[in-house]
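Report on the following structure.
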Amino acid sequence: MAKAEKYRLAQIVERFGGEILGDPQTPISQVATLESAGARHISFLTHSKYRKQLASTGAGAVILGRADSGLTKLPRIVCDDPYLYFAKVSALFNPPQAAAPGVHKTAVIERGTTVPASASIGAGAYVGRRVKLGRDVVIGAGCHLGDGVEVGAASRLYPRVTIYPGCCLGRRALVHSGAVIGADGFGIAQDNGTWRKIPQVGRVVIGDDVEIGANTCIDRGALDDTVVEDGVKLDNLIQIGHNVRIGAHTAIAGCTGIAGSTRIGKHCMIGGAASIVGHLDIADRVIIHAGAVVTKSIEQAGTYGGHPAENNRRWTRSMAHLRHLDALRERVRHIEQQLSLPEEKA
Amino acid sequence: MAKAEKYRLAQIVERFGGEILGDPQTPISQVATLESAGARHISFLTHSKYRKQLASTGAGAVILGRADSGLTKLPRIVCDDPYLYFAKVSALFNPPQAAAPGVHKTAVIERGTTVPASASIGAGAYVGRRVKLGRDVVIGAGCHLGDGVEVGAASRLYPRVTIYPGCCLGRRALVHSGAVIGADGFGIAQDNGTWRKIPQVGRVVIGDDVEIGANTCIDRGALDDTVVEDGVKLDNLIQIGHNVRIGAHTAIAGCTGIAGSTRIGKHCMIGGAASIVGHLDIADRVIIHAGAVVTKSIEQAGTYGGHPAENNRRWTRSMAHLRHLDALRERVRHIEQQLSLPEEKA
Amino acid sequence: MAKAEKYRLAQIVERFGGEILGDPQTPISQVATLESAGARHISFLTHSKYRKQLASTGAGAVILGRADSGLTKLPRIVCDDPYLYFAKVSALFNPPQAAAPGVHKTAVIERGTTVPASASIGAGAYVGRRVKLGRDVVIGAGCHLGDGVEVGAASRLYPRVTIYPGCCLGRRALVHSGAVIGADGFGIAQDNGTWRKIPQVGRVVIGDDVEIGANTCIDRGALDDTVVEDGVKLDNLIQIGHNVRIGAHTAIAGCTGIAGSTRIGKHCMIGGAASIVGHLDIADRVIIHAGAVVTKSIEQAGTYGGHPAENNRRWTRSMAHLRHLDALRERVRHIEQQLSLPEEKA
């Protein structure tokens, strides 16, 4: 990371708003957790679990919500959303490291591709024919960009990303190592006991401001494209099947799989290790819990979980009932005894 | 993809059978979905969900099943299995792109390995000692083939595939980027509170016509080999443990994990994100639903699902009952009141 | 693998203990399974499932537990823990293959990094600035080590491992192909319907004797470090979120995901495809079954499973009851009939 500058609390509030309690001249040189912060660090409280640490923190200042503003006497910034505020302050102290422009001598650039002077192409990277690279792109060492790939301005591919031919990334993309964009979708048809491959000739088309985690896979479409809209955030080891569409500003946690042709709405939050079967429609603003197995379309915004997934409150209640099934059986047995009924074989 | 040729409906039916309704001279230059097809495209109807799109499609012709032949007046091919038919027609219009033979100047070929003149070895690929490559193999850029690896004729490894020493791929394999074949199985023995590694000296042996998805892992055997039989199709991000055997023509969807020494039968279909524990036997023609957690051997062909997995109809019924447990408890409470029994503590 | 030496049973027992029954001069040149062993092989029985194979094995000798010592007349080593004993014997016959020291001519070593004479750096590997490499490290072909990375003595990275800047591996690490260590954690904050990235400036710090499977991802910390303690064993395709801590000598099977800030105790065993949500504490010596979805902290050693995870015996019993819910409903209906109560709508 680039060397951080110093700011005083007052300068931070000038940029990001909020209210200072305590000395506005408190100097801050970095963000840190309550547990590890020192006198020049600003820390934050966003999760009630960590309140105990507030009492003993060595931080020079703290960011917290209005309800918690009385929990410490340290210099502090009080704001509506301390997690968002912390995100902004951390970005101020930790700007992304710049990559030196230029093409490494071991990189391979095929004919028909022009590398902008502002771009950085790492060691051993391979850039195919007719690839379109925007300004300030960073293509990490060992990346592979197939023929006709497009990468929008200011995008950064970490080392060893693979993009198959014809796929498009928007601007300001962040793609982590091992991600594979545009491999064939799992399209096979049964043919007398064997499988016949269906050519996968669609592309993957990814909007602006998308982040893609390490070793995540997004398959190309069978005929039409697989689409990831603007602002989508994908964690690691996610599988996106062919012809899926993921709506803008949806966030998906790691190990989740979404099968072919399913459409996910905008502003959804999908928990880790969820599985969503193919050909479904998931509405906007749906929240899906970790481990959910979604087998039907979801038409209403809300929170869903379980296996099979349903309204999460209902699932949680069902599973609680299940734990008391023993007792219910006992009650039925008791009634049967009272009525001198024979207990039926379970 | 290579530039597609043009065919008339009559020529297509001559190759693949089926019956034409409408003008047999209708010219077709590509396949497309109902939604995006134009006048020179042939489309298809295989999923009732898409019937509505048939009315408004711009396609020049359509492939459909006998039961659906009256749903449109467009020129059409009527056949028994429109999905399979579409697969064949799409392959006709979208043949795999040929790779130029030759070894890229940045590839490394170790001693004792002969590259056939028809083979294509991409930029930065590494081919170890005594590797056996069949005719027409394509080894993508950045692939790694350890010593003694064998790759059968007409196989294609997309960029950045890793094959550990001694592992064997059959003919016409397709292996997608990031796949790792032959890493050590997870073999460890407890030794006074620490773990002692068990050497993994078996190989991975893969039959003909196998497709392996992006970032999928197939571990080498501990002593004997891990075996994937002919015609198996594996999607992305699948984990195959050591000494697993997968029967011929089984298809496995993404994010599925199969633990060590389990044997999967032939012609099985395993849904996405299924987990199968170790040392089990799964019969031929078993269908396992997405998200199933299989903890016992399955001796009969059939459809299984759930956690733990059981006959899928039974699981589905159990989960439906679970949703009505509330009502059942209420009925028991009501009976207890009628009998003036005390309600037992749940 | 290096060429194996020959040993006599007596020499094996001299090294590893145990008792010989039969000819102590029996010559052994390799380990093998009961099914595939020949006269010069020593095999082993650790799983009752394989007892039948003992009768027909072609092995020259067998390792088995005291209770099973009478099951064969073959020369045999009787010991307390035949699996551990086999691990030791297999390691004796299958020492790791040495890598030739030296830097491949196609590798890139940046300024400020010194490669020990005993180290091996493979073809196309990239080693950034100020990287610290211990003695006898093996960095496989195509690996990527970012600036400031540390790799302890005698560690081996298989081909195509990625380590982001600043991350540290201890001694004797084994890291398999495709693993990504130190990618950004999934830290995002909501900001008026879009997501704002939180810089991930912590590191990944990994202890001694850790094994990391193929395509496994361990994210760097948001502020503090993600920590994997000594002796941890991770299988393939595992996701470890930012700021997770995994206690010493814990083993985790493939496809498991652990969300951010969760702490896993020491000596735990976590089954395949388990999901553990964020901000939890899991005690020492906890066993978690395959497919479990852990949504709450676990304070007691024991065995847990299910979705949501609970005491595994309780989960198993609940799921068994669930299968009999049909019968229970029938009993309640019968009681209602006896009492001439109206059956309530389910």
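Letters are used for the chains, namely A, B and C, taken in the order the chains are written, and counting of residues starts over at 1 for each.
The working rule: contacts are C-beta pairs under 8 Å (C-beta built on N, C-alpha and C of every residue); 3 or more make two chains touch, one makes a residue touch a chain.
What you are looking at is a predicted structure, and each value in this text was computed from that prediction instead of being measured.
Viewed as a network of touching protein chains, the structure reduces to a complete graph with every chain in contact with every other. Comparing the contact residues of subunit A and subunit B by number shows a mostly separate set, under half of all numbers used being common to the two copies.
Between the Cα centres of subunit A and subunit B there is a gap of 25 Å.
Of all residues in subunit A, those that touch two or more other chains are 106, 124, 142, 160, 178, 215, 237, 255, 273, 307, 322, 325, 328, 332, 335, 339.
Residues 1, 31-33, 35-36, 47, 49, 81, 83-84, 86-88, 90-91, 93-94, 96, 104, 106, 122-124, 140-142, 158-160, 174, 176-178, 209, 211, 213-215, 231, 233, 235-237, 249, 251, 253-255, 267, 271-273, 290-291, 306-307, 319, 322-323, 325-326, 328-329, 332, 335-336, 339, 341, 343-346 of subunit A are the ones that touch subunit C when the two sit in their complex. Residues of subunit C that touch subunit A in their complex: 106, 108, 124, 126, 142, 144, 146, 160, 162, 164, 178, 180, 183-184, 186-191, 193-199, 201, 215, 217, 219, 223-224, 237, 239, 241, 255, 257, 259, 273, 275, 277, 279, 293, 295, 307-308, 310, 314, 317-318, 321-322, 324-325, 327-328, 330-332, 334-335, 338-339.
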